[in-house]
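What follows is a group of structures, each given as structure tokens.
Both of the next two complexes hold chain A, though its partner changes from chain B to chain C.
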Partner chain A sequence: MSASTMCTTALSFTRTNGLCLGNYALSLLSRTATYSTALSTNNGKGFPNRPIRGPRRPKRESGAPRTEKMLENQDWTAVYPSAAPFKPSAVPLPVRMGYPVNRGVPAEKKGNLELMKIPNFLHLTPAAIQKHCDALKPFCTEWPASLDSDAACEEHFPIQLESKEFVSAGSSLRNPKTRVVTLKVKLSSLNLDEHARKKMVKLVDDRYCKETDTLTIVTESCPLRQQNYDYAMYLLTVLYHESWKTEVWEAEKTRADMEEYHWEDSRSQKNVLDTLRRMRVTSEGEEDPGAVREELLGQPEVQEYRESVTRLKNEGETEETMLQYREAVKKLLNV
Partner chain B sequence: MHFVNVKMASSGVHAGRHIYNKSLIFLNNLELIYPRRALACTASAWQKTALASNGSSEEIVIPRKKTWSKEALLQALTSTVKRDPTAAHYTFQDDSYLTPRTSGEFKLYSLSQESGKAAAKYFINTYPKFFQKDFAEPHIPCLMPETFELQIEEVSEAALVERIQLRKVKAAVDMYDQLLQSGTTLSLDLTNDLLDLICLYGDQDPKDDSDPEQKTEDVVEVQDDPRKRRPRIRRASDIVRVVWKENNNAERIFNLMPERDSRSYGAMIQGMARHEAYDKAFSTYTDLLNNRLTANVHTFNALILASPEVREKYIEKRDLIFELLNQMAEQKVRPNLLTFNAALRALRRCGNMARSQALLIFGEMKALGITPSLASYDHLLGIFYKAASSTQGHTEILQDVLNEISGQSFEPQDPDDVMFFLNAMRVCLEHKDLEAAYRLHSLMQEGENWKLLGDAHQQSMYYGRFFNILCMMEHIDVVLKWYKEMIPSLYYPHSQGMIDLLQALDTDGRLDLIPEIWKDIKQMGHDNKVELVDEMLSLMAREKQSSEVQESFAQCALDVKRRYVPSEFGKPVLEWTANSLGSITSLLLAAEKRQQAWEMMKLFKASNRVPTDALMEDFLSSIKEVQDTNQAVELVQMSARFCLAGTPMLTKRVKEEFVLTEDHRATLSSLEFSSDGNRDLTC
Partner chain C sequence: MAASLTSRCAMLGATIRRLSIGGCPSLEVRGIHSTAICYKNRAARIRVGKGDRPLNYEQALHPHQIGHRKGWLSAHTSNLHEEEGAADRTVEDVFIRRFIFGTFHGCLANELVIKRRGNIIVICALMLQKVQPQKFYFLIGYTETLLSHFYKCPVKMEIQTLEKKAVYKYV
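Take a look at the complex of A and B:
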């Protein structure tokens, strides 16, 4: 009690004298009387007590986060107009993220590095997207009314081109991936006959997808997108013309080069003929082998067998094809 | 993904092109006969014509692609973004610790940012060899190091040209002298360029912030702060004043020139007018006329600006201005916007008679087809509304001006454009015209006009005046709405602004909002302003409010009290005044915090302030409710110590209303005696 009264009188003494002696003088005054508590203030930082020379500025405190001033019906697109990292003082949501240590809860949003690391889409709320679309509408032209279905688009514009644009914040605007051009076209929309089609497929090899009947050409060898586009169109044209041409050496196409299985002149035909001939040999003697062959081939069982084998080889082994084959064989061998 | 018409993509084979429009059958034949020549394009073309010939009336019309400038898309997207009223200025970090909360912090942070940029620029320009590698694609020229050093050392014309381009005035003059001494004759154009340079800078090297050697020059006339950056503080010492010296280099070179043309004269006149040698400017002009040369429009502009300085009386000034304008017409020099703005600016110094002349000038401008800029309107307002004149309800001019320019978006054309909004708002404030203020504000938000508000200081003055007029004239709800919108994101009000706001609250009886306002005051750093805090406390303590409000007031009062107590860091923020002590005590009493109120009473003595009688009466009534006789007697003792006039009243009341013991009675009687006896000595 005495120390505090001493302090207060010392205070009034300094003030009424108009002197600003500061904390040091104050502690000096009180120290002469009693061992006061003026010097033993713990700074809270764990430092030893330093002599305070003059009034020290108080440590700056953080202000209130601006979420407190935000109204519910504020314009969120103004708070996050573009992609920005997560700012806990600007996002009025009580989000938590992190692993709960010691059976606690996930860490709060203030100073949360996990929330700042991940990409956020706070700038792309539905309201923002709606505004952007409304702003971009004047730049767009109308869609042609007659192109109202996918089929119509396919029919009139069979070639589809894809390319990518990249936007990033960095010192350079250029991205080497923008030069890639992908060209897709359905072969059914091209004017190809059988030979041309088969040759085209052989020419492009991997780039043709059988299920969707799509030829995909990806060009990235030139440095500019325009050049790659020209190159892709050039490739398409060249392929088309080349597949229509028939070279001399194409006549040497062997059975191994064939895309589909032909029963004529195959081993299966030979085997069937041999089998049937042997079945018949008991009845007649020497005959014209050609006529026999023709006659044998003309039989409906042989035709059926031919169908089933061709189907089996071309389409693969399924329940149905195997059954068909079995039926054909049974009929052929009169089993 | 975009669909491409294959027709456009074909390369080279022309045969198919002109068959595109032919009929179906022909194409079919063509396919069969010339399979090689059939194009990929004909397939789709065939299909396309097939569609057309199939009888469907639809044709595929591919619309023309629109083109736009490079920034148009971005500008369209930015138009969707409006201002966020809770955010600070965009240049600052958006964090609750790092955003500036007071106007001092705002200045400090923006200055430090600019200083950082200037330091970086300094390093890049001083050591350019470390910054040669160019990372930016496409090339950004303003980020590369600039050379300010002179490359050419030998005496030649190219060296002179280089020095002129790099704005090295002294070096250019030296080089010129050396060239003359070595006997080379210089072309008139080059000499004119040199004259332009010297006259523009008034024969001083331009103050270059990045060059530390400049500051050590001993230049007497120049009073200028080399650290001058945004925002500027308008002090007289900050303004650069370069004065035209007698017989300086410009005059010397001018006199040495073998022949002078109108451009040389023009340079001299403009330099003299710019650097306050007005009489010389006019005498040079008469020389020019004597040599039968014509001056150009910039020269005339400079002369018109200088004309108020060379004449004393209003009539003479006006006559001079008009004489110059007539001469301009005679010499067939076409005036531009700056001419008229100069004339209006000069007319501002011509007193009241300038009003009709100003309207004449506006008529001339319209006749010539020059649209007035904001500076013209600013000068017009300045002519019509002199700063300390009595308000005569002359807001018609302001209304007319607003009618004329409403809805227009202006571009900066004259350096004085930025003063328009400021002065117009001042006029609105003086005439208390709220509607005009609203119109002005909506004009400011139109298009690009926000760019013409000026620097941070001018902006804060504009918003300060706007808020002032709102507080004076508008209903409190509207005021609070604007308060939330403008503060602190647009400007930081000073303590007078907060006092206005408190008075507006008082007018509309919304004193219960004061604790909220106190939080804002604390945040803005105005809690060390004695008048503001006193005003706030007295407003709170004046009337009795409902109990929750009283409670919040008491909490606020306790918070305020902390400001008066010396903290561990040194002096207390505020000094006690009688008003503040009394207000806080009565607030605590009203919220029935008697113990704390009692402590406050002790502080009266400690800080040598005297409580009012009314306060003592209130306290007594409050004590009566708890019937604490000891405290009542102590109160009377305290009152006696302060020699208050109401002490006998108090004593009487205590005797009547309380149950007193013998001790109490004795104390009271002694008090009466002592008060009677010692009145002359202690009081």
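Take a look at the complex of A and C:
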């Protein structure tokens, strides 16, 4: 009913205005009119009529895959701009994957789950990497020209810090192992005198490596890396200042606490002096013991003996040191 | 009959236990298995039949071929040395597979491939063209939103559609 009135009004409109809408418009109007009538009728119960079920609307055909429209000189970074699974309709290669059946060939790429399982690097072609680099370049600065060797780096940056980053796949990207901070510094680069150096080595104990002269501080007690870094720097500062201080009780340092062997006032010196005095006593009579001592100590053989014993005790027993000791003893005893 | 058998077994077990407590070290006590049978050598294997049943590559190759002729359906780093969270990832994967199977009911052509890149989950699926593309779009959006909210991390779906399932062989 409404459709018929619509038709008549449309026709009257065209006639009165003298405009010719054309056949297309009229047919469009009539088509819409007929379509609306078909759907607007209701059943008695209030359910709308469904469209005709007999011959169904033909299924829309899927379009041609993207590979058909690809040119040879296309921009591949537009096809795979980021990491994505393998799309057979977007990769123009005749790839086959899978264990073939008897007297068959591997399965084609269409519908191939094996190709989707494996990671692909189609988004990392040289052209794509070049684009990444070009994008990152404005944020980079040149390496300073004066830091051209390891020695220069160590001289200007004596403290080396190490920390680890972890990459993994999971719902959380946090890893508690990233909080560990390792601080390495060479004691030769710190301003320490003899006493301070010895005290520092005694304070840190195990953390000092004598071969490389490196102090290593590992901090992992705080939950954040920044906190561990601050703690490590604080420890270094405290060690430095403490080792420069001399406490009252440090005067009680005994021979057992010494790091190196000193021949002066040692048992070896006493024994040597005793032996030499007894060797001499046959020739001279009573003499000032202090002067005798000084004279004995001044002799070159005694000095050589002193060198050899110190070397033996500090460096350990090797061929060289033993030979040196032997020679010194022979000279001392005139053998 | 079954009830009496189990009750008899229970009584037998109880008496044996009492005997063993009484000091008979040679008698052992065995429990009763109450789960369904699941033999490892029969898992995920579709047995050879008349020759009219189509199998895809995934079904045709048995689990011992994983790593040799088959790849892995789920990729994450939790199974590496000193990495945490393997059980959580596995449970997530199982849930995602069931969820997608139910949401895209009848449309899945093959198993799901689940990849994890950082904290995003990428679900790669092969579907049949059983429903309209618009419905597919809706279901994909629904899945992605729901799973993202559920797991508190980005979830993305990559769908490929086929007209019919790819058959590897007939058994």
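Definition applied: the second predicted complex is superposed on the first by the 195 of 335 C-alpha atoms of A that agree within 3 Å, B and C clash if a C-alpha of one lies under 4 Å from a C-alpha of the other, contacts with A are read in each partner's own complex, and residues count from 1 in each chain.
Note that in this section a contact is a pair of C-beta atoms (placed from the backbone, for glycine too) under 8 Å apart; a residue touches a chain by one contact, two chains touch by 3 or more.
In this text the structure is predicted, and so the values were computed from the model without any measurement.
Look at A:Asn112: by the touch rule set out above, it reaches chain C but stays clear of chain B.
In the superposition on chain A, A:Ser172 contacts both chain B and chain C. Once chain A of one complex is fitted onto chain A of the other, the partner contacts of A:Asn191 are limited to chain B, with no touch recorded for chain C. Look at A:Tyr99: by the touch rule set out above, it reaches chain C but stays clear of chain B. Counting the residues of chain A that each partner touches, chain B and chain C differ, and the larger count belongs to B.
Judged by the touch definition given at the top, the superposed model places A:Lys87 against both chain B and chain C.
Residue contacts after overlaying the shared chain place A:Ser62 against chain B and chain C alike. Contact with chain B, but none with chain C, is seen for A:Glu162 once the two complexes are overlaid on the shared chain. By the touch criterion stated above, A:Ile129 is placed in contact with neither chain B nor chain C.
Annotation: chain A residues 62, 87, 89, 171-173 touch chain B in one complex and chain C in the other.
Put simply, chain A touches chain B in their complex at residues 8, 11-12, 15-16, 20, 22-23, 41, 54-58, 60, 62-66, 69-70, 74-75, 77-79, 81, 87, 89-90, 128, 131-132, 134-136, 138-142, 144-147, 153, 155-162, 171-174, 189-191, 193, 196, 230, 233-234, 236-237, 240-241, 244-245.
Listed in rising order, the residues of chain C touching chain A in the complex are 56-58, 61, 65, 69-73, 75-78, 83-85, 88-89, 92, 109-111, 113, 115-119, 122, 124, 126, 129, 151-153, 158, 160-163, 165-166, 168-169. Contact residues on chain B toward chain A in their complex (touch as defined above): 1-6, 9-12, 31, 35-36, 38, 40, 42-44, 47-48, 51, 56, 58-66, 68, 72-73, 76-87, 94-97, 99, 101, 135-138, 484, 523, 566-571, 606-608.
Of all residues in chain A, only 59, 62, 83-85, 87-89, 98-99, 101, 107, 110-114, 116-119, 167-173 touch chain C in the complex they form.
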